[in-house]
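Note that chain A is present in both complexes that follow, paired respectively with chain B and with chain C.
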Partner chain A sequence: MQKRQKRFEVLEQRAVNKDGFIKEWDEVGLVAMDSPYDPKPGLKIENGKVVEMDGIPCAEFDMIDTFIANHCIDVNVAAEAMAIDSLEFAKKLVDINVSGAEIKRLVPGLTPAKILDVLKKMNVVELMMAMQKLRCRKTPANQAHITNVKDTPALLAADAAEGSYRGFQELETTVGIARYAPMNAIALLIGGQVGCRGTLTQCAVEEAMELQMGMKGLTAYAETVSVYGTDQVFVDGDDTPWSKAFLASAYASRGIKMRFTSGTGSEVQMGYANKKSMLYLEIKCIMITKGAGVQGLQNGSISCIGVPGAVPGGIRAVLAENVATVLLDLEVASGNDQTFTHSPIRNTARMLMQFLPGTDYVFSGYSGVPNYDNMFAGSTHDSDDFDDMLVLQRDLQCDMALRPVTEEQIIAVRNKAARAMQAVFQEVGFPAITDEEVEAATYAHGSKDMPDRNQPEDLRAIEEFLKSGKTGLDIVRALHKHGFQDVAESVLGMLKQKVSGDYLHTSAIVDENFNVKSAINDRNDYMGPGTGYRLEGERWELLKNIPQAISPEDI
Partner chain B sequence: MVSFTKDQIADIIRKVGDGTSPEALESAVKNVLAKLQSEGLSAPASQGGKLDASSYPLGIKRKDLVKSATGLGLDDITIEKVIAGDIQFDDIKTRPETLAYQNEIAKSVNRPNLANNLARAGEMTRIPDARLLEMYNFLRPYRATKQEMISMAEELEEKYQAPACAKLVREAADVYEKNNRLKGDR
Partner chain C sequence: MKLTEEMLRQIITEVVGQMAGGAAAPASAAAVDTDKPLDFIEKGPAQAGSNPKEVVIAVPPGFGTTPTKTIIDIPHSVVLAEVAAGIEEEGLTARFVRNYQTADVAFLAHSAAQLSGSGVGIGILSRGTSVIHQKDLAPLQNLELFPQAPLVEAETFRAIGKNAAKYAKGENPNPVPVKNDPMARPRYQGLAALLHNKEVQFLDPQKKILEVVQG
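Right after this comes the complex of A and B.
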């Protein structure tokens, strides 16, 4: 071009043009939800057994097909469900006169290709309608990532306290250095309870280590238990549907809540999509989760969001996978937990798909820390966006489970968490947290504001801690001894949750009075206007009153 | 959990008096017990009927039923006792009966898959942490021969009265064989 058009020169510099886009490429599975290679729906049952599913005879089933046929498909309802025209089924999903319970009675009779065929009939607004009606828990909730690049414990505890104080019912951490896992888990356990009693905390690391920490009472739930939609990728992830089902029961046997993780794009990214669309493969992951008897799933592409994000209709497919999860009556922690675009406009548009209808956890990892400290590679929104989120809730009268706070309140809970952590370190034999660290953690924006610790010393102490056989009860004793009676009571309260097992049920969260709210006693009963969760009354009064709003009386 | 000693079983057998070896009958009785247990029937029958959503959450509505692994009630687990060292970590673990109640509740709200998971979990409460971790790792691809997997299923049945878990492992053994995911297949 000899002469540039000036508007195009400006557009070229826009954030969205730093993103990568690709045209559909069916042969490698770079297609959101409509590949010509996706199987046609069909199901044959003989003597109560699935003998053919989506055109594949059982002799040719791979491991995943076998698991789905054996554990997920309900042969008693299959004939009735499969006979319903896909378009009619899709209409039921948005029809306010058809209850969620009736839909969920039929869905276990559907094959993966049939569920795909139903979802393909729906646009994003219809998918949001379905989510609003079908998500398992009535009250939406939210989850935050709490991590930092230095794995510095006082800051982790302070950030956890701020996160739970702001309203996140679940907090997830991970590590910069793998061996820090137990220390980071303890920081979230303590900080989470300082900010709000009943907060569930987890530490995402390798499967066996993650289970071990749960067994010691250092975490309340687990989430990073990955499943995949093709055999080869599953095995490359060093598991099978059976090993994962076994692991699921192992968690429940220790009274620990657990959900699986999957997401569109993971199979393409790992090179074995078998020419299938991303959503088709993801539906298989959801059905594996259901078949394993796990209560819920984290999906919404998760760490592979760049892949569906690059193809046409990809973000619609991501919403569709969240809907498929609730359709199968599973808790959904609905993504929005990884940066996928340079464009703030795209970022927020993607998040609205879950925020507007409400999900069990709108974000399965809102970055409760600045994104530079987010060890999950950054979320769509971070701690610098808190006020934007509060205003969005207020603008739209729509709840993402966050609440307005004051600077004084946040300073107080951050400081208390850092001091509680300091006390526990002294008792369990970890290298001291200095007063300087407590002060820095209280007022920090992120780890840039924290002094460095002696990492080799920390890691040696963590090894000792693991060998010592210490458990969550030692944390309780340490807190109590140093005057943090209320925090000690709360940590013990979380340990006691594992005795009753109430929070093993679908979509369970624990409120500030240690009452479990799940899909059983807080069942979503949406059937149109005037039903389901409504942001009103006391909660709406709370969310209206952001500190920035001026009051006419004060003028 | 209902449990019979070998002598009791031998006694049953003598009463049956059909000439079958005590070992064979013991295994038959075990299978019956295991089946009862996997169906969540081993829970004490004192509540008069199955639990459902009206009993949920158990920790509030049926506190009388919730006991830890060592038999403590929720109100017995106090901060004072923890501080005094009267409560150890084993005292605050869940026990099979509690998971059997949760299994009943899951069934009552039409979640049979979750109920199955809880049935396996109830069985696993009897398996020590370290062994349970080993078993999980053993089920990962290419770790075990078919015979080793079957041995593990037998261990689950015999040592831990875990028939639902054993069934899952036996099924995996067949599938791994068919799909070349056994030790040496890589």
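Right after this comes the complex of A and C.
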């Protein structure tokens, strides 16, 4: 081209054109939800056993097929459910006169290909309708990522406190350097309770360490227990569906809440999609989760979002996988947790798919820190977008579980969390958090405002902490000794949850009075206008009143 | 955006520009033919080493031939030279193996650590994703992880080699500074999936792990 058209020159510079887009490649599974290689639905049952599923006889089942056939498919309802035409089934999902309970009675009788076939009949608005009706907990909630690139503890505690104060019921951290895990977990445990009692915290790292931290009481739940849709990817991770089920039972036996994680794109990202579409493989992951008896799942592509995000219909498939999760009556932590685009327009459009219908956790999680500090490699939205989210809630009268705050309130909780962390460090033998660090963490935008710590000394102290056998109770004791009685009580309250076990129910969150709210006592009963979760009354009054709104009396 | 040649060229220019900006960058991608295959000679099955002064580096089968450079176009010959230089600066030696069994960076690095006389190994995927591992850790643990291939630059590879050697000597070094770019995924993940699907096509469980030397 010798002469450029000026509009095209402008378009070329737009953020969206920095994104990577890939054409479909069916042969390796680079396709969202409609591969010619996806199997056709079908199920044969003899003597109460699945003998053929989606065209594959049981003699040819791979390990995932075997697990799903034996542990997920409900043979008692299968004949009835499989006989329903996929289009009719899809209509039931959006029909306000068909209850969620009736649908969830039938779904366990469906095969992976049948669930795929039903979801393929639905557009994104219909999928959102299904989510609104079928998610397990009535009240939507939200999760935040709290991390920083320096793994600096006072800032982690301060950010955790701000996150829970703003309304995030769950906080998730991870590490820049793996060996920092226990220290980061403690920062969230303390900071989370300072901001709001009952906040659930986790630290996503290697699975054995993650379980160990849960058992020590440094975390309240776990989420990063990954499952995959093809045998080879499972084997590459040194796992099987049975080993993951075993790990799940290890958590359950210690009274620790947990959910699995999966997502479209992971199999093709790891090179073994067996020519199947991303959504078909993800449905298998969801069925493995159900079969393992786990209460919930984090999905919505998660860390592979750049893959479905790069192919046609990918973001629709991501919503469809969230819907498949609630169809199987599982808690859904619905993604929106990783950057997938340079374009703010694409970014928000993708998030509306979960925000508008509401899910158990709309984000999993929202970046409670600036994205440069987000060690999950960035989330769709970050701490700089808080006010946009509050306005979106107010514009649409739609709840993503955040609340308006003032600068004074945030300074106060950040400072308290950093000081509590300083006290605990002194007691458990970690290298001191200086007053300078407390001050910096209180007022920081992010880790760029924090002084550097001596990392080798931190890491050595963490190693000793792990060897010492200290637990969450030592944290409680340290807080109490240094005058943080209320925080000590809250941390103890979280430890007690593991004894009572009520928060092991599906979609459980813990409120500020340590009451558990789950799919059992806060069941989603949506059946059209006037039912289900409504943003109204006291809560709506709270969300209406953002500080920047001008009041008529003030003029 | 489709990955056009023009865009690749732009990325290369940016990367080379960044590298030129860092005075310490010891090797320049500009000086090397990035398409030239690595001259690797396979020497038969890799043996567990007994030399406590070695660090083993494991690469997947396609490394150096298909492709010949990382996701930000650092030639694989430069990658290996930098890692080896980092190790040698600490007075230790580098030994290379090609693992035909896995293209998973954690297992790749873990296999290197198992073979290493010092118990410390490094795994490097063709696109640049890297791990420093120790033989007594669980496969999915690590000493240091460099998960974002577009941020692993030539000098990072030297620092990886240097730190691996320090761990091998029983030291507790400052970890290589962690980098994070939230926009690496939107730009590169689709491409990374393409590259990885090519990478796994070269796996061959019959061949296991072979000792390699550069010709």
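What we mean here is this: the second predicted complex is superposed on the first by the 555 of 555 C-alpha atoms of A that agree within 3 Å, B and C clash if a C-alpha of one lies under 4 Å from a C-alpha of the other, contacts with A are read in each partner's own complex, and residues count from 1 in each chain.
Basically, a residue touches a chain if its C-beta (ideal position, glycine included) is under 8 Å from a C-beta of that chain, and two chains touch if they have at least 3 such contacts.
What you are looking at is a predicted structure, and each value in this text was computed from that prediction instead of being measured.
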Touching partner for A:Asp238 - first (chain B), second (chain C), both, neither: both
Partner chain(s) touched by A:Leu30 [first = chain B, second = chain C, both, neither]: second
Touched partner set for A:Lys496, first chain B, second chain C, both or neither: first
Partner chain(s) touched by A:Thr348 [first = chain B, second = chain C, both, neither]: neither
Which partner, chain B or chain C, touches more chain A residues: B
Which of chain B and chain C A:Val268 touches, first, second, both or neither: second
First (chain B), second (chain C), both or neither touched by A:Gln426: neither
Chain B versus chain C as contact partner of A:Tyr372, first or second or both or neither: second
Contacts of A:Ser99 with chain B and chain C, given as first, second, both or neither: neither
Those residues of chain A which chain B touches in one complex and chain C touches in the other: 207-208, 238
Touching residues on chain A, where the partner in the complex is chain B: 62-63, 66-67, 70-72, 104-105, 207-208, 211-212, 215-217, 231, 235, 238-240, 242-243, 245-255, 290-295, 329, 471-473, 476-477, 480-481, 485, 488-489, 492, 495-502, 504-506, 515-516, 518-521
Chain A contact footprint on chain B (complex, rising order): 53, 56-60, 66-68, 72, 74, 77, 79, 82-83, 87-89, 92-94, 98-99, 101-102, 105-106, 109-111, 113-118, 120-125, 127, 129, 132-133, 135-137, 139-141, 165, 168-169, 171-172, 175-176, 179, 181
Contacting residues of chain A [partner chain C, same complex]: 17-23, 25, 28, 30, 149-151, 176-178, 206-209, 236-238, 265, 268-272, 304-307, 309-311, 338-342, 371-375, 377-379, 455-456, 459-460
Chain A partner contacts - residues on chain C that touch it in the complex: 1-3, 102-104, 107, 138-145, 147-148, 172-175, 178-194, 196-197, 199-201
